[in-house]
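Before anything else, here is the set of structures, which you'll find just below.
Below are two complexes that have subunit A in common, paired first with subunit B and then with subunit C.
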Partner chain A sequence: MTLWFVRGLRRGVVTTRYPARPEESARYLPTPPAFRPRALTAGTADRLAASCPSGALRRADDVLVFDVGRCTACGRCAAEAPHAVTTSGAFELAATSRSVLVKTIPLRGETG
Partner chain B sequence: MTSELITAASRAVPGGVTTFQVASPDLEAVVRDLHGLRLADMFASDGDTPTLRLVWANDADGPQSGYVITETSIENGEYPALSDIAPAAFVEECEIYEQFGIRPASGKPLNRIMLPPHTGPHNTGTQNTGTQNTGLPTLGHRPPSEPEEVRAPHTVAGQAFEFPFGPVRQVGVESLYYGLVTSGEEVVDLYLFTWHKHRGLEWRLAGMTPRQALFLVERAEGLSAVAMGWAFAAAVEAATGTRPPAAAQRTRAVALELERLYNHAAAMAALCQSTGLSVGQSAAEIALERLLRLNARAFGHRYLFGVVDAGGAGRAPDADAIRADLPGAYGEFRRAADALLSTNSFVDRLEATGILTADQAGALGLVGPVARATGRLGDARLMPDGPYAGTGIAVPTATAGDVLARFTVMLAEAAESVRLIGDFIDAGTVTGTGPGTGELRPGGGTGLGWAESPRGEALAWVALDDEGRITRARLRPASARNWRGFDDACRSQNVFTDIPIIEASFWLTAAGMAR
Partner chain C sequence: MSTEEELRAAIARQFGRSLHIRTLDTGSCAVCEQEIRLLAAPHYDLHRLGFFFTPAPRHADLLLVTGPMIRAFEVAARKTYDAMPGPKVVVAVGACALGGVYPADPFTHGTVDAVLPVDVWIPGCPPSPLALLHGLGVAVGRLAEKVRDIPFTAEDDTERVRGAS
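The block that comes next holds the complex of A and B.
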């Protein structure tokens, strides 16, 4: 056990009290999408909804409904319409109410 | 048709798959003859008459060189009792009965494997239509009666008692129930219930395009996302006659070896936890975290989802990040491993614990480090076609068959993975996504794919219609094979407290069964 005691002293503390500092590795994590409403048309929204494998996206009339609680950050929507979708970089997504996780994004892009 | 013909045919196509039609009356004789090969999988598909497929790997007496598939139409709802000849077939006999209603002709009792008993009354003799109260959907006709649920027959009497453990487990272990018969110290018997979290993945895949399906396939066993995705993509590519670019194949191989590294680090941490060595566990988990962060930096995902695409690669690795971070992360892994191997109290708990013999591993069709620790050489990376050809890959083996042998095999594999990753990056991986990283050819057909996951050989078989949509997909993660060896390992003169250690050394997932 002496071996492990010495190893522990030499290695020191590697954990931090969250969030002691911006986490460097966080910027490599997959994160949910962010949308550019001006580039979102009804047709684009329909394509995004069809590309989402977990049903996190659907169109309701003139809004895109985005359920963050169903998003797996797979990136398929961003690949489908890179002009309208980017990654948000946000990974602190916890909410105290389920409804807070459902966002509506207005469709402002011009059709045709 | 004789086994000599089949064996000769399989060897005539290095790295290939040879398929034979076998009439139902001849199936028993063929299985008896083929018993020198390893029964890698067995599954059915529906149609006017159900078709039974047996997949055999040619690795019994040397490096893996090919697969043989036999296809048999099942006319009267019964086929020969294959598990009487090849014990590796029993779990699949049970699964096929649940999913298709066909069974071994001997009338032998079959256990419940996949479908939970609490999902409502089951219709009998009719195919599920997805409507009303018919329980979970099945892939074919429902069985005429429920499984007999006998498990391994045992008598609980005298000093022995049955200890129910699970299905709710502590920490991150998934839903799994152990029926543990013990005298308080010695393990008399152990059986598993694996159906608590059945997800019907193979049923869900029907009708999808391969690219849609990959999303679910990667999640069949998340800790083998690359291996399972690669096996599935390779099956689709075989069905459509697609040949992925070499750079995309090397990209998959880099991800697969990173997957092996972080899984082996996680197994090492689990071994420390099971032996009560919390400082060692922390050391292993530091290595694990560094490897997961390397995955995220290199491929954009800690668990490497999205790397494999049908026809090629979906993500390009950051080769500079791997070159910069891998030596440090592996150094952390190696220092923890070296310290553990020089800790007598740790090594003593691993030695002579959970022993499996090479004969047991062969009879049960076990794969991966569990089989290689008994001296068997099976490794899907040795197939003579693909990115590993020409790398001079070393496949470590041991002979003791105990937990320590499995651990040392894992450590040697990790060292080899680091070397292979360097070689693949030097040879060139994909540098972007989109055109040039691989495209799937249109069309249909059937195909078998494989990859060597950290737990062993992962297999997938697909049938695509003319529009390229899936009509039947079979997923066989390594866990689906190796759980059947776990109870044997636990019964090999072990005590109650050895079970977590044996479980950590197998490093299997419940998800691999509950797919």
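The block that comes next holds the complex of A and C.
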């Protein structure tokens, strides 16, 4: 108790406006997926889109359109194609415009 | 300075120190509410940041909306928004509110933007208290929006090896 008080006085700051260092617990949060463009083919993209229960993924010609706002981080796409999908680790996703949350992922995988 | 920039500056000035939040559940499964309640826990302690929960929209500056906006709640949502004094901010919380879980059908609108003018969108199912804290910071202009610069692509293994050597 005394040590805590002295340490607080010495630092001069009791609280911070936002977590000052990376939050430990954030590692365990389910986060939206990240995609490996070189492992993505049109076929893989279609399979990912079909596996997404919330409609966050769809293929538009040669890109995979990922709506982060719709993603529930359920992990079904990572289970469908583990070689092409990993977790992004990003959780501070607040956006001031809805369109910012819609990402386009290029498909660079070799077909056939 | 455009009208939008002026408004943002006014919000930062007026809401920079203290802000009262009214939560509005438009048909969510209540997990978003659990995370919102966790914001008041000692670990996150949003009161030290000048955010407070208020039980009445008349006292609120920020409307924290969860759920897919069921049609039966539309009138109540509009009345809540109209009852708030200006300037006011609407924050949509969770994948339901952003259109990810329920489609627009005779029972739900599917998104909050269909009824209310949303200013900040917080994705997540549910968004963690840290994500909500970041979203509130973005809403009052204290924290920068990060998601704009996240590409959601992972480096290929070959590139990672090359980068490490």
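To be clear about the criterion, the second predicted complex is superposed on the first by the 95 of 112 C-alpha atoms of A that agree within 3 Å, B and C clash if a C-alpha of one lies under 4 Å from a C-alpha of the other, contacts with A are read in each partner's own complex, and residues count from 1 in each chain.
Basically, a residue touches a chain if its C-beta (ideal position, glycine included) is under 8 Å from a C-beta of that chain, and two chains touch if they have at least 3 such contacts.
Small disclaimer: the values here were computed from a predicted structure and weren't measured.
J.: Once chain A of both complexes is superposed, is A:A60 in touch with subunit B (first), subunit C (second), both, or neither?
T.: Touch status of A:A60: no partner.
J.: Contact-wise, after the overlay, does A:F91 reach subunit B, subunit C, both or neither (first, second, both, neither)?
T.: The answer is second: A:F91 touches subunit C but not subunit B.
J.: Taking the superposition as given, does A:V100 touch the first partner, subunit B, the second, subunit C, both, or neither?
T.: In the superposition, A:V100 contacts subunit C only.
J.: Comparing subunit B against subunit C, which has contacts with more of the residues in subunit A?
T.: For subunit A, the partner with the higher number of touched residues is C.
J.: For A:L29, is the partner it touches subunit B (first), subunit C (second), both, or none of the two (neither)?
T.: both
J.: Tell me which partner A:P37 touches in the superposition: subunit B (first), subunit C (second), both or neither.
T.: Second partner only, subunit C.
J.: With the touch criterion stated at the top, can you tell me which subunit A residues are shared between the subunit B interface and the subunit C interface?
T.: On subunit A, the overlap between the subunit B and subunit C contacts is residues 25, 29, 54, 74.
J.: Using the touch rule from the top, collect the residues of subunit A that touch subunit C in their complex.
T.: 15, 17-19, 23, 25-26, 29, 32-39, 54-56, 66-74, 86, 88, 90-98, 100-101, 103, 105-106
J.: Taking the complex as given, what residues does subunit C use to touch subunit A?
T.: 45, 48-49, 95, 98-101, 103, 113, 118-125, 127-128, 130-131, 133-135, 137-139, 142-143, 145-148, 150-156
J.: For subunit A, which residues count as touching subunit B in their complex?
T.: Interface residues on the subunit A side: 1, 3-5, 7-8, 11, 14, 25, 28-30, 53-54, 74-76, 79.
J.: Note which residues of subunit B are touching subunit A in the complex, please.
T.: The touching residues are 212, 215-216, 277, 279-280, 282-283, 286, 293, 296-297, 300-302, 305-306, 339, 342-343, 345, 433.
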